[in-house]
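These notes are about the structure you will find just below.
Labels run A, B, C, D and E following the written order; every chain starts at residue 1.
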Amino acid sequence: MSSGSHHPNLETLAGRIEAGTGVKLAHCYQCGKCAAGCPVGDEMDLPPCQVFRLLQLGFPDLDEKVLRSEGIWLCLACETCSSRCPQEVEIPKVMDFIRGEALKRGIAHPKSKDILSFHRAFLDSIEYTGRLYEVGLVADYKLRSRHMLKDVMLAPKMYIKGKLGLFPHLIKNRSGMKTLFKRTMGKG
Amino acid sequence: MRIGYYPGCSLLGSSREFDESTRAVLTALGVELTEVSDWNCCGASSAHVLNHELSLALPARILALAEQAGITEILAPCAACSNRLLSAQQELAAHPEKIAEIEAAIGMPYKGTAKIVNILEVLGRLKDQIAAKTTKPFAKKVANYYGCLLVRPPRVVNFDRPEDPQSMDLMVKAVGATPVEWPFKTECCGAAFSVTRTDIVAKLSGKLVKDAVKRGADVIVVACPMCHSNLDLRRSEINEYLGEQHGIPAMFITQVIGLALGLDPVALGIQRHMVPVEFKETAAASAQ
Amino acid sequence: MSRIGVFTCHCGENIGATVDCAKVAEMCKHVPGVAHSVDYKYMCSDPGQRMMQEAIKEHNLDGVVVAACSPRMHEPTFRRAVSNAGVNPYMCEMANLREHCSWVHEKNDATTQKAADLIRVLVEKIKHNTPLYPIKVPVTKTAMVVGGGVAGIQVALDIANGGHKVILVEKSPSIGGHMSQLSETFPTLDCSQCILTPRMVEAAQHPNITLMTYSEVEKVDGFIGNFKVTVRKKARKLDEKLCTGCGLCIQKCPNKKISDEFNEGLGTRTAIYVPFPQAVPNRPVIDTLNCTFYKTGKCKVCEKVCPTNAIRFEQEDELVTIDIGAIVLATGFKLMKTEAFPEYGYGKHKDIIDGMQFERLASASGPTAGVMKRPSDGKEPETVVFIACSGSRDRSKGVPYCSKVCCMYTAKHAMLYKHKVHSGKAYVFYMDIRAAGKDYDEFVRRAIEEDDVKYIRGRVSKIYEEDGKLIVKGADTLMGGEPVEIKADMVVLATAVQSNDRSEELAQTLHVSYDTYGFFAEAHPKLRPVETNTGGIFLAGACQAPRDIPESVAQASAAASKVLGLFSQDQLTREPIVAVVNRQAGPTYSYCVGCFLCQTACPYQAIEQEQILARNGEVIKTIARINPGLCQGCGTCVATCRTKAIDLQGFSNEQLYAEIMTL
Amino acid sequence: MEALKQKAKELLQKGDVKAVLGYAVGTGNVRRPHFARTPEQVDRLVLDEKCTQNLATYLTKHEVKHLGKVAVVALPATQRALLQLVAERQLRDDAICLLAMDGTEVKVLPSGAAVEQHLALKTDAMPTADKAMIEKLMAMTREQRWAYWQQELSRCVKCYACRNSCPMCYCEHCTMDCNRPQWVPVASHALGNLEYHMVRAMHLAGRCVECGECGRACPVGIPVHLLTFFAEESTAKQFGQRAGHSTKLDYALSTFKPDDKETFIR
Amino acid sequence: MTESFEPKITAFVCNWCTYAGADLTGTSRINYQSNVRVLRVPCTGRIDFMLLMKAFQKGSDGVIVSGCHPNDCHYTSGNYHARRRWMVYKDLMDFMGVDTNRVTFSWVSAAEGARWAQLVNEVTDNIRNLGPYAEYKALAVAGIE
């Protein structure tokens, strides 16, 4: 008679987070241990516990405050928080999810641009070659981020140390890689 | 011992010496490495940020290739790679309903049977042999730096203990080094912000370098290419941030063992570091 | 041929308005075996009962069906009435015409027919009823209390003062438990030993109390009123009767560097020792794991110096079996150790201690004589951080529950520290302050307002050592998760209260149920809080869940009152609704084939083995026997038995079969 | 075969056992049980694919118990039966001595523990034909199944051959013999037959060692073993406990887990 | 037959939960159909599967078996044993072609008066739709004659 099964409400962000990551926001009881141990906690405008608090209430304006924050882009996924969380909440999974949500809504924090450029350049690199081509990645990142001068001093040194290949490593089955990206990212 | 080998992208480029020293040491110990053919990038540090499906499919392709080659155990020296492979494998084991979609994406069957091991696990099995073959004891004071991805999240990696891990400490002891007691073995170095937020990397890695020196370490030993990049490639930024000049080298555990086994430093890629591997005469060293 | 009387009750309008009671009575007259059938306005009234009793005599009835309300309501009433008229009470059954018929159905013929059906079924049942007699079980009026902490002492004293014998069993060498280790107690800050030791002495000297210290319960047989408990008296290695407790052996023992359990490892003791100066009984024990003689075969200094020659190196454990009527479990708790905290250094930092260690540091009788000195270097700590909820409310540490006492004792600790080190700084990291209790919240406020203890709402993520200080990395969630870093000299973890070691083993020995965390389970969380599901076994104190002293003592007195209630009768009277195993003449002896598949089906471990012996003592057959003292009459074994060798009195196979065959 | 005889003789000669129970050739070239009490009688033993009977059935009989310790030529199902009989305290562990074939080798299994170990290496799959038949029945509509069993059971004459051949039907006083109350009608009519076989299957759920002896024993060819097989499989599937795997009693229907999963209780 | 068919329903209920729950139905004056006849036993653990067979033999068109919810058994575990027995028995009945739609197992607590009424009504309606249990009745008649 009684049904114990629980279905997340997909109308709410909290519900979509639960459906997408398996993390139930209500498990967070605001002890702050995540914020206390976070290596970038003092850099964040919203530390992880605040992110959870704002999302827990389910008010759209508070959700948006989170999605617009810079802090969510600073999460390094170092898993310090989740491995110490007394409630075993997988916080980095939620961070991944809400970054995606912020992008989808087009309200990601302006400072996320650099970080995003890097990740996009990274994935573009492997989409075409199968493996990460570091020189290409950095060049591409510079174009995207317009930080043209960054690290110009480092490259020659690395080249001397034999750490920079001039040509990308291509895998054989590059069409397979294309398919893989197409089926997961939905782009071709 | 025969074992599958997934070097990952960093080991082809910025961390070549990790690849070189891993191959050199394992060959010297009689381990035969079978490289996964036509492997791709695992997507580490970027795929999971942008697309969850992709962060499953990239590692799944590697694991499927390994299965096809009959590999039952894969060594992924890069901590980020081994972490991503394990995460994907466990998620697919917990959600078998996702496998069909992943198989379609990678265009081959996926079973998820190969066991993924990190470099410390493999070296740990060979510890007695390493101790026995040590000809040039590495008589240094060592700050063992494990970083995040080797031990966290504990539910995924299930390796060593999540705080104050011991495996690398035991390993360096086996080759004559003295591990220093320090609290930052698993603090984050800034990882993927190496390129984008060098300021954060300088701050986080700076804390590590400073404390290691303070506690009397001669060298910081790592088992992760990302950690190494931040502690080595980014040293000038670190020193600039700290306003102090720290020349303490950062070495891969495989290099340390290689030196102890008496292998050629060049074959171990020692010369590739930005911070030169040079030691002051220390008490520990002169005692030898 | 049975002579059964049927008495149909109108229950005023309650039945009468819906069911045609007169018609029912008339219909029942024609049921075979019914000798008398009438209807009446109120059967349960005095005239109603009298009428029934007269009818029994007049018509010489041997069974009665009262068709009225629910048997759960008036079965005892009518069975008593029938009994007073000289018919066995179990020859009376009730048909539920009210709750199951008139109140729930329309007024029509079908409802009246149903009423008659319900009666007919029971008439057939009664034809197969047999007179049953209440089971009388003698009661041994001696109680055993397991655990000699404050709860156990209170139970023992209350029962003893009620005039009954008590055996108080304690596993350690002295009674007193955790309370004897405490410095002061909240919320009054009175000295723990000052209030406890008089009770300990009172228990030791009470003529009705026998102390069995350094002893453990090994085995329990029997049932309520009739337990047989085997206690292992561990060898103290001395003759307690000869020993005067002079302490010379302790002074002279050369082995002085053993970590002291009573001082939570913060002090040392000798190999022959009493746990603490006020120990009751004041008799030492030899710790054979650490004693030089047991390790090397040489020493025996204690034997040489003992003025009464009381040392007995060859003494062995002794097993004693005692008849007991009731058992009270008061085995207490343990605290989670600092080793359980990876993020706080796995217990490797000496200056990170648990709450009980702090009690010893603060205690005037402790290793520092109550002077605040941190364990690592004996310096006075200038900054102390207290962390509440250490391991409690922490599912990653396997303890999702609240340990209940930490909020209060952490406030007390901070206060005690501030009273001893006036210039010191005390910080408390907490999640919620749970100070529900008389004068409790006022106490916490006092710590904050008068003793200037800084409360920070947040958990601590990591503690590490740097330059002789402990760096405590926390966050203040009231400031939006702002990281807070405190350089402390000592950190006190209010670690989780857990069930005692081996509590599950003890529960299994006693057939008492326990929860996921090893705490003993009460029979009902609200209405039977000190009883267990096993008759005659009761609970007191923190062995059931985390409890503070006032609660433990209250629960102890409650458990004692239950025991005294049980002991107020010479015999227990139990309903004869129990299972029985069929017996026959030889060569069959019983339908039971002795497969004992029923044994695990019984929730009460009431199924025993019985050997049928030949004259020469040879075992002919082993069959099941139901212990009527333990059986509660559920009948699960009956439905499990293939040979129908077990039957349930009052709900027998024949009775139920007859009922169905009447449908 | 010679190895078996050799072992049997050894056991008898050493006085370890009083008799060896095995198979011999009976009239019409059938295999019948054979008690060999002397080395000479051992020579009549045979063991081939025609030997199917579960000999465990005999060991609980008074007459056999009086013989003293008996070694049994034990097929896998016989081994399971013996373990279950020990678990149900009908045989003493030290009264067991089995002669089991392990490939071509003869093994003496002198205790329950040895049998457990021996059996642990084997997988006991239900005969394919029986499995197929159960599947076929389950694919039918309920009405078809009812009709099938009514048809089959209509031939039952209540001779109790199934019960008597079953190693687990050792009860001296069977439910069928109950007359107060008379749970199951004695006569072999549709109701009595259905009830008899239902009761037997329920009583073997969690206890059936799946030898199929009852089915082979039926003189009118009713596949009654499918009922007990089904009950045993249903039990094993739902609770993970199986009969005849251990000398420790682990009877699914007198144990439970608080989270046993079913779908039909409202 | 179909129009005037009133099913005969037998309920085996435990004393502590469902019987008490049915008492509460009465106390709460919740009306339900009168086809059911309740047999009281101490615990669902007491309910021998043969009682169900006997109920069908005596012409029941439907049977209800009900007791305490898991974890609420007055005898702590009788209902758990009962549940296992039913899990196997239901399978077996189905295998032998007995109509398991006519047997309803349920948990009704002492507090669920309304639920008892609802259960009885639902079962009664359901059995009324299914019609008389002719198959078994034919069997029983053959048996008795």
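Here is the rule we use: a contact is a pair of C-beta atoms (placed from the backbone, for glycine too) under 8 Å apart; a residue touches a chain by one contact, two chains touch by 3 or more.
No experiment lies behind these values; they were computed from the predicted model shown.
Graph distance from chain A to chain C, where chains that touch are one step apart, equals 1.
Distance from the centre of chain E peaks at B, each centre being the average of the chain's Cα atoms. The pair of chains sharing the greatest count of C-beta contacts is A-B.
Nearest to the global CA centroid, when each chain is reduced to the mean of its CA atoms, is chain C. Computed from the mean C-alpha positions, the centre of chain A lies at a distance of 57 Å from the centre of chain E. Look at where the CA atoms of chain B average out and do the same for chain C: the two points lie 53 Å apart.
Centre-to-centre separation between chain C and chain D, using Cα means, comes to 45 Å. The centroid of the Cα atoms in chain A and the matching centroid in chain B are 22 Å apart. Listed for chain A are residues 1, 80, 88, each touching two or more other chains. In chain C, the positions touching at least two other chains are 343, 462, 601, 640, 653, 657. Within chain B, the positions touching two or more other chains are listed as 162. Residue ranges of chain C in contact with chain A, taken from their complex: 343, 389, 393-397, 431, 457-462, 473-477, 480-484. In the complex of the two chains, the chain A residues touching chain B come out as 20, 39-40, 43, 74, 76-80, 82-83, 88, 90, 96-97, 99-100, 103, 114-115, 117-120, 122-123, 125-126, 130-135, 137-138, 141, 145, 150-151, 154, 157-158, 161-165, 169, 171-173, 176-177, 179-181, 183-185. Those residues of chain E that touch chain C in the shared complex are 6, 8, 10, 15, 19-20, 22-27, 29-34, 37-43, 45-49, 51, 54-55, 58-60, 73-78, 81-82, 85, 117.
For chain E in complex with chain D, the touching residues are 49-50, 53-54, 57, 70-71, 77, 80-81, 83-100, 104-107, 119, 135, 138-140, 142-144. By the touch rule above, chain C contacts chain D in their complex via residues 588, 591, 593-601, 622, 640, 642-645, 653-654, 657-658.
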